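Labels run A, B, C, D, E and F following the written order; every chain starts at residue 1.
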């Protein structure tokens, strides 16, 4: 078990330098401001690409960075969302897709899923994205269709997020915003979905794309009064 | 959005030094040998405590490092397990619990779950561990009971892992081993469950505790022949 | 059974005058352009308030005009949506809420639901709307909160609609638009949700509010190419 | 959006003549005596074929006039049934099938369902009817088999109704009766299922067929006393 | 483990006398004509009360002799029913309730179920019977209500049986009949439900009560032809 | 109905000889020490092969002696397990497979399951056993593979048992043991799984194989204390 060598290095070399941080975190508990939902892929390390230290990022990872809709009681992702918003009070949720995603590529190679029935069922939560790709991106080549699938998947998971009660309320109360990211492994770049549905660069700090911004609370005037 | 500053540091400072690694990973795909299932807690960073780089660790994270049993079709954790074993061929699965786990502490403060119905439902997958604690650890003080809950939870999730077809077959074929870890935030130590049900230190590389070792294929002599 | 008198009147007086229409519909099949999802309430008659004749309106009615998200396989509403879009090719889906809705009022009188466990479970699909009302409309009086609940419920069901694959694809392909209506029983008025989240009058035919308009197909330029 | 013209006609021409009725209904609430469960088909308008006005008919419509059995918690149809019986106290439930039903015809053209997975799953609730047709009506021609399917489907949905607790209790208490109808689009006729399993004409008001009549409360003598 | 003594007695004393029968059954397979669904209660031994030998009775036993409706995919009871009718071709299904049934008595002592959440959920399949008892048998004393519960439960499980496709088809084809029994532990008597809803003695072989007799195949004349 | 003759023999000949036993059981209730979970197969009579009388064996029978994992709420087998352990306090649970099992043989003849969709879904709970057979026993002939399937199925159902909260607690508290049996119809022999994974003879009362023995309560020393 090679990995045990890394554990020894952590305990011997790394932890002693961060002891104060870890002890404070053990004493005071965690107070992360951000939930990141990303793929289980070994090449997409959330803390690395955001340069976050222990205590900064609440992280949910699964194959395909998927968020089943709230009605699926009992779900691990919905629970992570609920815990992050209600118990921890995070102010941002990021769904982070990535290039060369095995889960998304499986939609173009369905035979491979025959030996993975659970993965197949799980990916049904990305079926709306696949239907969009089938309907609207048929003229693209294979690689472009895969990338379209990754991007549309991020978009549909943001729809799913919005039917979680705590998220719906957080958005309406102006306390929460939702972000859709694309991480490109080869170039190290991150693009973010804006509210017009385009993925744009994230390197202008004054013009960061936000997929679903926090709203202002609606005014009472919205309420219709019978004549 | 503070986190975006970290993204800029990653792109400006970190990625250029790892460009070759990332480009190789983009070109050749991922080949991790280990699946780690850990908590979404921001203080438990799998790649940090195992000193793993990009491409080395397939990671599934959820509140409470839970593995629902296989029969729960459609599940994200089961899909990650299936993908890791069938598609990636990992040889080790680690379930990593940790001290001060908010999910496990919720069992001792059930009122807090009333506003988190999805978390409550999700934690039902740790109910067998809770029942063991209630039955057998009633004489311990509160903190000890919490810790017992964390450890028993790791143990029951290892039971759940074993009813996944790919895991059952991997164990029987001698190609897969299962590990149950406990990470202590305050001390940075990691203990591992051994096959006698004890959590022991991991710092003796010649005597690493393994919860469920790979088996030898059974001999035909096991098969009963009718008289 | 009083209603049987109405059947006799239909057969004796009404049908003979519409015989040609019915025979054409029997011969040629139905070709409605609109799916209306409305409440089962006896006071909200879709064909009456839209003055639609036989063959014009595909209608799904349930308590609370609810659309469970797509992931709930086996559902009657999702099936009606799928059939309307895929088999019939409707170009509009209307979700129509209404004043004095017993289903929505039940959220403010939860004891009444104790004897109706199925209704209680069904209404969980409107829980995100209820959470918004609880969080953002606490300063309103009871009647206003009920009305806010009706409106927010229409809004959340429109979110649910968008995760149906056929709807997601229809919107992206520019062939489908989604509408959110509010019918006031007392005044006979209908308001419609616009894309800014406001319910507005529908009596200006040149400025009809549309909740989710058909999109133009996205251009290829959306697709990110790795550097 | 053509339908908006109908809305204008309703508001301008129709509503003013029914204003008193609608205001009374808004003030006093609904008190319908009948729940009708019919198909979403645009050619089958429940209020038209029963000549019912606003406030008279509680209506649940879905593809195939299906009633999943009670055990399917969370269902829209079961909720409409429960609400109608428990909250509104209806005394009659009618399940109304019809000729040329697209949902029933789909059983004879299963390929068409491949692009409608939700409809396919939904129609599994009519599978018992289909199995009866396959087993007992194989000697009929295609059109007759379709009609047999429509009729057997009405019959099986009446079985499903009877396992709803409120329906079972209403029947046993003599307060509720169940009706199975067949509406023929071409001729405008309605046939009703009698308690011998035959669909008969409904034009003799002194001999109306009833599928499942209200029972008398059982006498205590039914109760077996141990010797 | 006391029971192992019984195993030794079976192998030493009983089996040698039935060796021919067991070897024939091993060689030729089973061909039972009857499926009995009875309670797991240790006092209700199906083979004993019907004096059936090995190979004669296909037996499904669970707490409360319950048959969930067919729509509950994945169920053990539905599978036993399906296997018995389709693979074995049984001609009779018996649902056998009994006096002093712990499962039925639990409806009158709901607190006891708090520590048995699975039992509680399982018994929801008998909820229609309970609702009938609550509505119609309130004037009876406790013991009579328990017995009414047992009898009504047998009746509702017979309703559930009828929505299984293979059962619906078997009845319609005249190849299957359904029986509802009540076994009284104290007196050893068995009563059977007749088609009028009464439980009657079974000791007149010329007048055996049958709950749901095999039907004759319906004649084509049932099929309505459009005018 | 031939079976009714057996009922008459039971009432006339058998019951009178056991009247005292039955009356005591009716008066005092059942107190079985053992739960047996066996196949519905008519050739496997639990009370016969263990020579148990009325009141001695709580029995759950289904096709394939399957125990779905606990997370499958609402299940009949899980309810029987829960009732047996919590309400009756049994000290042993036996899962009893058998030779020539139709359910297990179906894995090698999947076409036969096409007409039995419920059985097919039910057998998915034995899929881990099937995957082990496919992976590790490919070199065996057909009959041996069938037998391997039966044995591996017993083993995986024992895994499922251990995730039931009451079972997990009973084992940890030293009050419950789990047994895996194989009954050979042709020879009448019973083998039992030992804790090393081998099925061995049961005819040495001093060396009975036990699959999962009752444990001693864990000592507090297992609990890790943070440094």
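Just so we're on the same page, a residue touches a chain if its C-beta (ideal position, glycine included) is under 8 Å from a C-beta of that chain, and two chains touch if they have at least 3 such contacts.
Just so we're on the same page, UniProt names per chain: A, B, C, D, E, F = Carbonic anhydrase.
Note that this is a predicted model, so its numbers are computed, not measured.
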Counterpart interface for A-C, drawn from C-D, B-F or A-B and sharing over half of its contact pairs: B-F
Chain C and chain E, separation of their C-alpha mean positions in angstrom: 44
Rounded Å distance, chain B centre to chain D centre (Cα mean): 50
Distance between chain centroids, defined by C-alpha means - chain D, chain E (Å): 30
Where chain B touches two or more other chains at once, by residue number: 26, 68, 70, 72, 99, 124, 186, 189, 226
Neighbour-by-neighbour ring order, given that chain E leads and chain F comes next: E, F, B, A, C, D
Complex contacts: residues of chain F adjacent to chain E: 1-11, 14-15, 19, 22-23, 25-27, 29-30, 32-34, 40-45, 47-52, 54-63, 66, 68, 70, 72-84, 86-87, 92, 94, 99-100, 102-103, 112, 115-119, 121-124, 177, 179, 185-186, 188-190, 202-203, 205, 208
Interface residues, chain A side, partner chain C - complex: 68-72, 99, 124-125, 127-132, 134-136, 140, 144, 147-148, 151, 156, 159-160, 162-169, 172-173, 182, 184, 186-187, 189, 191, 197-199, 215, 217-218, 220, 222-227
